[in-house]
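Input: structures, listed below.
Here chain A shows up in two complexes: once beside chain B, once beside chain C.
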Partner chain A sequence: MNEILLGFSQIFQPLSFLALAFGVLIGLIVGALPGLNDNITLAVLIPITFGMEPEIALPILVGVYVSACYGGSIPAILLNIPGTASSVVTTIDGYQMTLKGEAGKALGISTTSSVFGGIFSSLLLMFLAPFLAKQALRFGPPEYFALAILGFSTVAGMAGKSLTKNLLVCVIGLIFATVGMSPQTGYPRFYFGIDYLLDGIPFIPMLIGLFGVTTILELSETISKEKISKYVLPKINKVLPDFKMVKRLLPTWLISGSIGNVIGILPGAGMIMAIYMSYDQAVRRNKDKEFGTGVPEGVAAPEAANNAVVASSMIPLLSLGVPGNSAAALFIGALMIQGLRPGPSLFKDYPDIAYMILVAFFVGNILMGPMGIMLGKFLSSTLLRVPRQVLSGVIIALCVTGAFAMGNSVFNIWVMIFFGIIGYVFNKLKLPHSPLILAIVLGPMMELNYLQSMVLSKGSPMIFVTRPISLGLLIIALFFFATPFINSLKDNLKRKNSLSG
Partner chain B sequence: MGWKSNIILAIFLICVGIVGLFLLKDMPEPPAMFPEILFFLLIFFSTVLLISVLKNSKDGSEKKEINYYPVLKITGGLVLYTLIIKILGYLLATFLLVIYIILVMGYPKKLITVVVSLVSVSIIFAIFKLLLNVPLPAGLFLGL
Partner chain C sequence: MKKVLILCLIFLLVFSISACSGGGASNEKIQNDSKSAEDSKKEVNFPEKDLRIIVPFDPGGAVDVTCRIIAELAPDYLNGKKIIVENMPGGGAVVGQTYVSKANPDGYTILAYTSSVVSNPMTKTTTYTHESFQPVAMYCFDPDVLIVSADSKFKTLKDFLDYSKENEVSINTAGIATAHHIAGMILQNKIDAKFNFIHTTGAGMQIQQILGGHVDAGLLTTGEAQAQIKDGTIRALGLMHDERRQDFPDVPTFKENGVDILYGAWRGLAVPKDTPKEVVDILAKAFEGIIADQRFIDKMTTAGYPIIFRGPQEFTEYVDMEAKNFKQVLPLLQEAQK
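The block that comes next holds the complex of A and B.
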């Protein structure tokens, strides 16, 4: 409890607080801009935060992450243009409400739902992360190895139909992770005579490539033919929902928030899954209402869910060092350049920073509501006039400069271009990105801890199943690995039944 | 993207796996063990993908026209930029890159393009060079 108070006292330092508010503002802006999202913004901001104190750098990044997906809901509701992928579902009922003349009501619902979902998950983050981290301090190499396996298993479990592709991407990521000096022995692997690669593929230029450059390449396909059109904003009336509405939406918030939290904690699942699942739940529970015609629950469900994913995706990262999604992986980069290592030791060695991050999520969510209501209309009307063509040029400039700055070398720009192309090709082949990043992060951790475990056990792999925590983690991993197979078996059985019936 | 691209992907990755295993020939055991497993897995999953694509070759083969020109132009621009940044210097090279990207994206107004490029590159230069002390390449001519 004391530590949480310490976090509060840190975030309410004037500079940290201003940084957080600034981050929330940036998040709202990039969220509302179609084509930009939290990942690309974090990727280009991380190099800029390099020279700042962590007390200022990290609140900015937290602010961006907290508010970007809420920002995306504003044009989704007002103009039927989802600002980010996380607000795709919000357009279904949100824009219908606008057409009915209820734009203000819809914005109010999206705001309160987002704040509710966000606070819900930041409370979970605040109490669960330190607890998990404390448990994780007892982890030895076998437990960390098992944890890495668990990380991969959730990716497999979430794969749906494209299990082979997801696993393939994991393996590709793991192969990328072997570039550079091998753990323990320091033997140089796959560096092709390029000294820059001895420390491994530079992480941040790679992320800038995967998020920044890939986005621009994707955009260029369609945008060069697109006409620049003007949007007409609807009138916005009363914004905040009344008590009756809050009471009506509360069950939806709780259910969607819980879905978001669970999905956020699982690595590899992601926001898109959360919004569809929670919308689906809302439809099932409200059979009397016609969704798609402007039902308040249709806005509340995805908005509560996507903001619940935000803070909870930081739980595995901060407590165990395993990123839950791409944004969390970007935070690894942000912490690393500050000389901090995410994971259990962060709470022990730098409690002020660790708890400040937790509290920043909480405070950021509270700031987001009023800032969004005040700026929502203004942002949508001005931002959508900024041509995306022009924005692309500025983003590319930020990308190349940021990549260069991460090691003061032109080689990093090559890495950025390479991964920009990889990301683009992945999109074309429908290969998912997040397992790639997860694998690149988990690869070295897995290999090092495997080797250390073998030293501990004098070469016997039994060490992974004789230690209770490691065994437990492996059993959960097995369950996740088995899920897609069980599901496809079930489908097959159903199909057979329906064919014979 | 139809099934053809998936077949090419699978075959390409199988080749990568074989080349990878070949590269590991001279590596001592502890550092070679992990990559070896990974290349075998790569070949295995690629084969699984290949078989499943061949089995379902008929569905999902609808073609969508993709406009690759701007993608190639942007990639080419970035490659050229990286090659000449040390010669032209950061400021000039990045200024030209931004103009180039905005034009490739199809923005018609030339004056705005130049102004945006000038302003954004100046701000980014100020942040990285003056605030963060990043030694951005100066170039051979202007000493910038």
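The block that comes next holds the complex of A and C.
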């Protein structure tokens, strides 16, 4: 406890506090800009922090990491373009709320949910990190494979009535996911002689295309229909949800926050998995509401989950020295350059810095709330009043720059355009985007861990059912896959009964 | 009307793309001009403008960080000219390596030259080989280390060597055909063992699998596992180096245990092959200065990157030797790919 207080006293030093607030602001802005994300920002900032004292450098980086994924929800809600990959699912109900004139409400829900998720996980980070990190080590290749299967089972839940369409999109996604070198043999697949595709389809440019470019194409349709853009933005009066709403969302926050924390602790599982799983859970628990039409839970679930992943992904890093995701890997670089080794000894050798990092996550999440609301209000009142033709141009420029900035390559822009067209065609055919993204993210994870498991078990698939965690995950996945079918069976039976009765 | 707008949008996209690529083209033109200028004057005046180091990996990794340390000090050694670090990841470094192999051989485009420059051309279809580059300076050599979990049954390297001669051992690497995989295959050949290679996406996943007891052992660079080795959660069994490392005096070498193997990740800088010798020499001298600079030494040491200096001649010989080693295990690798 003393150490935690030490951390607080450090983060409330004027310079450290300012650095943290600065980081949060930067994170919000880059998060809100489609095409820029936390990774690219951290990568740019880390060399700049070389010359700074760790008391200043680290709070900036923590601030960026904490707030970027929340910043991503702002354009997801207002424009249907996720600012970062972590807000992909937020678009589904968030944008519908905006269309219904509830943009302010949606932003408020996203803010409170993010702050809740973030504080939840930063408390775990402060008090339970070593214990949780040990549990995460139980996950080996078979468990990760089972986890990926469980991730796929969310498609069945999210599908609602269009299960066939969702599964079809999922398969298309898996086909895209095979592009690149095989992880176990190094054999290049479907890369058409293009070196850029050897590591798989670049993910961020693809996402920018699917959302950014697709949205602009759709927008251009409405512009030409209406001749003049008369896009009246909803007034944003009241942002913060009232007590009734908080009470309603609390179960969703707790469940999504827990999912986010569990996924965050597991190195390599990733934010995308967490947002899909928590959205899926929200859908399953609220059968009476029609998701995809602007349901508050549909915004609360992914936003609470993605911020819960942020701080908890630092648990394996700070307790074991193992980075949980690419942002955490960048933190290793930042710590090392300051002469700090991540791992248990960090807390022994440099308790002031180590605990300051933990506390910075907590304080950063609190700062994020009011700063985010201000930014959200500012963006919706100024930027979005810009005529849509101009706005489209601005967004396209951001998309192109963002895609190019990932790896300084023009090829990424072609990827963006390609997926922009795919997304547009999907919309015309009323095919959902989200199973595509899920499959592209989970496909390689499933494949890699399947192959690793097979090497370990010398080719026996029994490895997946003889290990308790893996077996448990597979059973849950099976249950999730089966529920839509069971439900429709039940409905049929009911109908028969009512007919005969 | 709709169609016109869509057309306009497509035009806008294409325009912005050509604007992006256009930047590159004009750049090359400038480089061409400066090259012809150099040719006319026999006296080499280098550098006359800022230089670029192309890092063929994502930002934040060891290669990127070390190149940025060099870039920071560069103006003091290159007539005040700056070095700009540019990341060009993709294709397991093929993208960035191809770019530099085709760049103007004028010394202004430098490649962060690492082990993968040897392995890529042999395992993938590339337009270059390691001989398409003129090595300038090696600044870091991080030997591979064999690690196990702290509660592993292998207490010493001898335990491991004895056991693996009789039994199959699972060893994880940072990916197929990486330097670590090659190191494992060479070791396998030398001690006549059979390893089950588990290929991961990088050191983080390797360490996690070893700490969790899912995999028996792993091969990675000392730098990548230093935190866990110092914390005692991971035991380093043996170092693939001539001598023990000063910062890990307790870790024995393979050589001490009768297995002569020198392997690790090396990091250096190279320029396209036809770069004039004078320019290469100027660069080599500048980098030698940077590497001896106390500020460089301090930063590399705090970050745990072992420093070494090899000039153009020695570096070329080293890379040739590595290519020879690699060719020996290539049939094994191709076998594994089947």
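To be clear about the criterion, the second predicted complex is superposed on the first by the 271 of 501 C-alpha atoms of A that agree within 3 Å, B and C clash if a C-alpha of one lies under 4 Å from a C-alpha of the other, contacts with A are read in each partner's own complex, and residues count from 1 in each chain.
Everything that follows uses one rule, which is that contacts are C-beta pairs under 8 Å (C-beta built on N, C-alpha and C of every residue); 3 or more make two chains touch, one makes a residue touch a chain.
The model shown is predicted, which means the values in this text are computed figures rather than measured ones.
Tell me which partner A:337 touches in the superposition: chain B (first), chain C (second), both or neither.
second
What is the contact status of A:466 with respect to chain B (first) and chain C (second): first, second, both, or neither?
In the superposed model, A:466 contacts neither chain B nor chain C.
Which holds for A:187: it touches chain B only (first), chain C only (second), both, or neither?
both
Given the touch rule stated above, what does A:46 touch, chain B (first), chain C (second), both, or neither?
The answer is second: A:46 touches chain C but not chain B.
Check whether A:178 is in contact with chain B, with chain C, with both or with neither, and answer first, second, both or neither.
first
Of the two partner chains, chain B (first) and chain C (second), which one does A:488 touch, if any: first, second, both, or neither?
Neither chain B nor chain C is touched by A:488.
If we overlay the two complexes on their shared chain A, which of chain B and chain C does A:382 touch? Say first, second, both or neither.
neither
Touch check for A:428: first (chain B), second (chain C), both, or neither?
first
More residues of chain A are touched by which partner: chain B or chain C?
Greater contact footprint in residues on chain A: C.
Classify the contacts of A:408 with the two partner chains as first (chain B alone), second (chain C alone), both, or neither.
Both: A:408 reaches chain B and chain C.
Enumerate the residues of chain A that count as touching chain B in its complex and touching chain C in the other.
Common interface on chain A, chain B vs chain C: 47, 50, 184-185, 187, 213, 216-217, 220-221, 223-225, 392-393, 396-397, 400, 404, 408, 410, 413-414, 417, 451.
Please give the residue numbers of chain A that touch chain C in the complex, ascending.
Residues 40, 42-44, 46-47, 50, 136-141, 181, 183-188, 193, 195-199, 202, 213, 216-217, 220-221, 223-225, 267-268, 316, 320-323, 326, 329-330, 333, 336-339, 341-345, 392-393, 396-397, 400, 404, 407-411, 413-414, 417, 448, 451-452, 455-456, 458.
Using the touch definition up top, name the residues of chain B that touch chain A in the complex.
These residues of chain B touch chain A: 1, 5-6, 9, 13, 20, 23, 27-28, 30-31, 34-35, 38-39, 41-42, 45-46, 48-49, 52, 66-68, 70-71, 73-75, 78-79, 81-82, 85-86, 90, 94, 97-99, 101-102, 104-107, 112-113, 116-117, 120-121, 124, 127-128, 131-137.
Hey, which residues of chain A end up touching chain B in the complex?
Those residues of chain A that touch chain B are 47-48, 50-51, 164-165, 167-168, 171-172, 174-175, 178, 182, 184-185, 187, 189-190, 213, 216-217, 219-226, 387-390, 392-394, 396-398, 400-401, 404-405, 408, 410, 413-414, 417, 420-421, 424, 428-430, 447, 450-451.
Please output the residues of chain C touching chain A within their complex, sorted ascending.
Within the complex, chain C contacts chain A at residues 1-2, 4-6, 9, 12-13, 16-17, 20-21, 24, 58-61, 64-65, 68-69, 72, 85-92, 94-95, 98, 123-126, 170, 175-177, 196-202, 204-205, 207-209, 211-215, 226-228, 230-231, 233, 299, 302-304, 336-338.
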